[in-house]
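I'd like to ask you about the structure that follows.
Every chain is named by a letter (A, B, C and D) in the order it is written, and numbering of its residues begins at 1.
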Amino acid sequence: MKNKVFNSFDEAVADIPDGASIVTECWGTTGMSQNLIDALVRKGTKNLTLITHNLLPTVLKLEGIPSANLADLLPQLKKIITPVVGIQQLGAGAFVKDYVEKGLEVELTSHGTLASRLYAGAADLGGIYNPVGVGTILEEGKEKRVIDGREYLFEKPIKPDYAFIRGHKADFYGNLVYWGVYRADQPVMAMAAKCTIAEVDEIVELGGIDPEHVVTPGIFVDRIVKVPEDAMGSVKITKAAIGKIGEIDFIRKLLFK
Amino acid sequence: MKEKLDREVVAMRAAKELKDGDCVNLGIGIPNLCANYIPEGVLVETENGALGYGPLVMQDEIELADQHYTDAGGRYWKPIPGMALFDIVTSFIMIRSGRMITILGGLQVAENGDLANWNTGGGALGGTIGGGMDLAVGAKRVIVTLEHTTKSGKPKIVKECTYPLTAKRCTNTVITDLAVIEVTPEGMVLKEVAPGWTAAEVQELTEPKLIIAKDLKEIDLV
Amino acid sequence: MKNKVFNSFDEAVADIPDGASIVTECWGTTGMSQNLIDALVRKGTKNLTLITHNLLPTVLKLEGIPSANLADLLPQLKKIITPVVGIQQLGAGAFVKDYVEKGLEVELTSHGTLASRLYAGAADLGGIYNPVGVGTILEEGKEKRVIDGREYLFEKPIKPDYAFIRGHKADFYGNLVYWGVYRADQPVMAMAAKCTIAEVDEIVELGGIDPEHVVTPGIFVDRIVKVPEDAMGSVKITKAAIGKIGEIDFIRKLLFK
Amino acid sequence: MKEKLDREVVAMRAAKELKDGDCVNLGIGIPNLCANYIPEGVLVETENGALGYGPLVMQDEIELADQHYTDAGGRYWKPIPGMALFDIVTSFIMIRSGRMITILGGLQVAENGDLANWNTGGGALGGTIGGGMDLAVGAKRVIVTLEHTTKSGKPKIVKECTYPLTAKRCTNTVITDLAVIEVTPEGMVLKEVAPGWTAAEVQELTEPKLIIAKDLKEIDLV
């Protein structure tokens, strides 16, 4: 059986060349492939195109909370495709602005459009006509077409070179299940990318995942690395981080009812 | 000056628009507050992939917070029986296929239903699009909640939006701290006013000419 | 709580008007919503557009095997959109031909294209550029466009009025799981249709389906009817049918190794 | 006349193209027969939504047949650990995203790789498209298995297909009862011939001019 399990995050990202495009998940700090991102930061790969739902606010890091942080990758980026440049309250918009002034290209999109474009990439489509963004700044530079009396914008598929995804359990074929809202963008990212690398809580034997419950079939997962218990993004460290977040008043107000 | 409704009351009034069997996605701002007043049988959706989940975790129950159960704004919620978890492709199909009601915040709403709610004018980096445009275009009903005027007293309900648009002609109902307004092909219809306010007083703080509903009444939370 | 459970198949289809479009599953005899189809045959609704992967061979019925049969609906159809008009070995092509001569319109498509068009319908897209069918008879009447050096055909979304789907378990919100390959087209059909009606083996309490295992969230399911144990398509009847199929030599050779 | 390989042997030779870690979808006809000869570590996919499933149910074990576990051709298979079940959207993404190898049957293959395999000329009703066009366009490698000639001895490997096409320029490898041929930008390269046959004899039954591989060898099943 072909071995998809890598022993280290550094090995798993070792072949990613300068100029590659990478899609990864970030909703605040949930569902991030923090260990793969850190490995790519260590490797120093340049001129990357990053496709992501979000860029993590840096404030948690500044407060010393052991939290995932996609913003560390900013100095290595040529371009970002995202619906969320930064969360204003946490000052991330300003943070990104510095990089934009130094030449970082930002392509804005809506999150649903990002989902459809990733689907289009995965399903080998040449493009889609999308109703979202008509009459907004997202129209700029896009073909507009009226179909059955309604306006649409032409959007290109997204087919990233690599996806970094965060799973819960993987078996040796790469069949994956997620946990809660960590699922989010991961399944479509895995299908759209040419090479998908997953960091997971647990690796199980074949049969350890009920075939009816598989969310991402193994054919879409090329490499698997287990997240050690004491690594960033592990359940243990994440629980500790939530505790600390609860001590910081303004974040506490933001995140708790 | 006469008193306007507070944000919590606006949220309560907006939540009254929902009925058993509805699915709703709540935006940032006043809509967030609606979460506490959702009628029974209404399922709440979050675009990061959950529908029909339980109440939010309160500040004094932080030990219940689980990173795997958060909404699109990063707030923690409690899992309950009957909820469903799914990916964003499924989530945005829910949102775009006309099955969802959405309550959104707003910076400006125009007479024709145009909505501006994501960007105060700082260019591409001036705001967060997220799933807001998808909700505005795709939901079967868009309810916008906002303060009737800016802090300096300028109307937020305008003839034409000056802030970058979220979507064109998308708003169905506007609920403010002064009024409930329906957007119709004939124009904006004033349906309800805050207690103690007259239609003329609301009109004064509203840019487009309002059509006064025949059965105009006071905003009522029962 | 809004009640989605209907007590009979006839009630569940009672409002379907003449001229409606209906999408339903048929892979041979697996995954069919036979009881809903039978109810629609009883109702006699006319001028229907049927979207389906397949039309069932009639031969099983001729042999007296208690098996699902979508072909019963043929006299009520104005149009079919399908990748499989009939299975030649079982004589279904000839069967459909009679109806075509009497005016039935057939729109051929590939199965993957059908999947993408249903996705496009569900995700509210205006159209897609599809690489499949270029250089074939499927080109006829379609816009062709070169995108980044490759040819694509423009395909319209499919947004049927009704989906008839076959689930395994449903809870009272309509959250659904399937069983084995009965899943196939059902999830995307449920999402693309304006009104989705499900026939299921079992209806369970809220909590009877693990939220992580839900395949079709309840928002996509409008009506639910339980398949009685002695009805067509029930596990019991289907087992009996397989036994009978095994007695007919030429089908046996077709279906068994 | 010299003996050609039988269908079972063609299937065995085709299955030899697969290696550990490959995922393969098998079409109707000779490809069906490959199922018995799939090397270890190769996962078989069926477009109705299963990958990595177990062996087919044999005629003498009908009690194992379960309607919930069938392939696209309606044949019953046995579930095994490690398999995955999914819907057609996921299935056709697998097929179209260049991750799958497919072994298809063929009516005709043209010099440039054009494939005709769905329709013998009866117009729209003349055949079954199913997922065949998706496989031909989307698979990372298309292996076509067919008899080298029609029953009346006419070449099926032709300069241009006369039957309705499945897809243009899609075929990578042709495996027949006489030869293994690679489709390259320079033309069709004859790589292997059936035992006892010469390149010239194969050429005689083939319409396009074949390029003879320097390392031409006999078809070998080991």
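Everything below uses one rule, namely that contacts are C-beta pairs under 8 Å (C-beta built on N, C-alpha and C of every residue); 3 or more make two chains touch, one makes a residue touch a chain.
Bear in mind that the values here come from a model prediction, so they are computed numbers and not experimental data.
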| item | value |
| --- | --- |
| Minimum number of chain-to-chain contact steps, chain B to chain C | 1 |
| Between chain A and chain B, centroid-to-centroid distance (C-alpha), Å | 28 |
| Chain centre separation (chain A, chain C; CA means) in Å | 35 |
| Euclidean distance of C-alpha centroids - chain B vs chain D, Å | 56 |
| Chain B residues counted as touching two or more neighbouring chains | 50, 79, 85-86, 89, 92, 96, 137-138 |
| Per-residue multi-chain contacts in chain A, two or more chains | 112, 115-116, 119, 123-124, 131, 179-180, 212 |
| Category of the chain touch graph - line, ring, star, complete, other | other |
| In the complex, chain D residues that touch chain C | 35-36, 46-50, 55-59, 62, 65-70, 72-76, 79, 85-89, 91-92, 95-96, 114, 119, 122, 124-134, 137-138, 164-168 |
| Touching residues (chain side chain C, partner chain B) in the complex | 1-2, 119, 122-124, 171-173, 175, 191-192, 205-207, 211-212, 214, 217-220 |
| For the chain C and chain A complex, residues of the former touching the latter | 112, 115-116, 119-120, 123-131, 145, 147-148, 150, 152, 156, 177-180, 212-213 |
| Chain D contact footprint on chain C (complex, rising order) | 27-30, 53, 83-88, 93, 96-97, 100, 106, 108-113, 115-116, 118-119, 131-138, 179-188, 215, 238-239, 241-243, 246, 252-257 |
| Sites on chain D touched by chain A in the complex | 20-21, 23, 40-41, 43, 45, 50-52, 79, 81-86, 89-90, 92-94, 96-100, 137-138 |
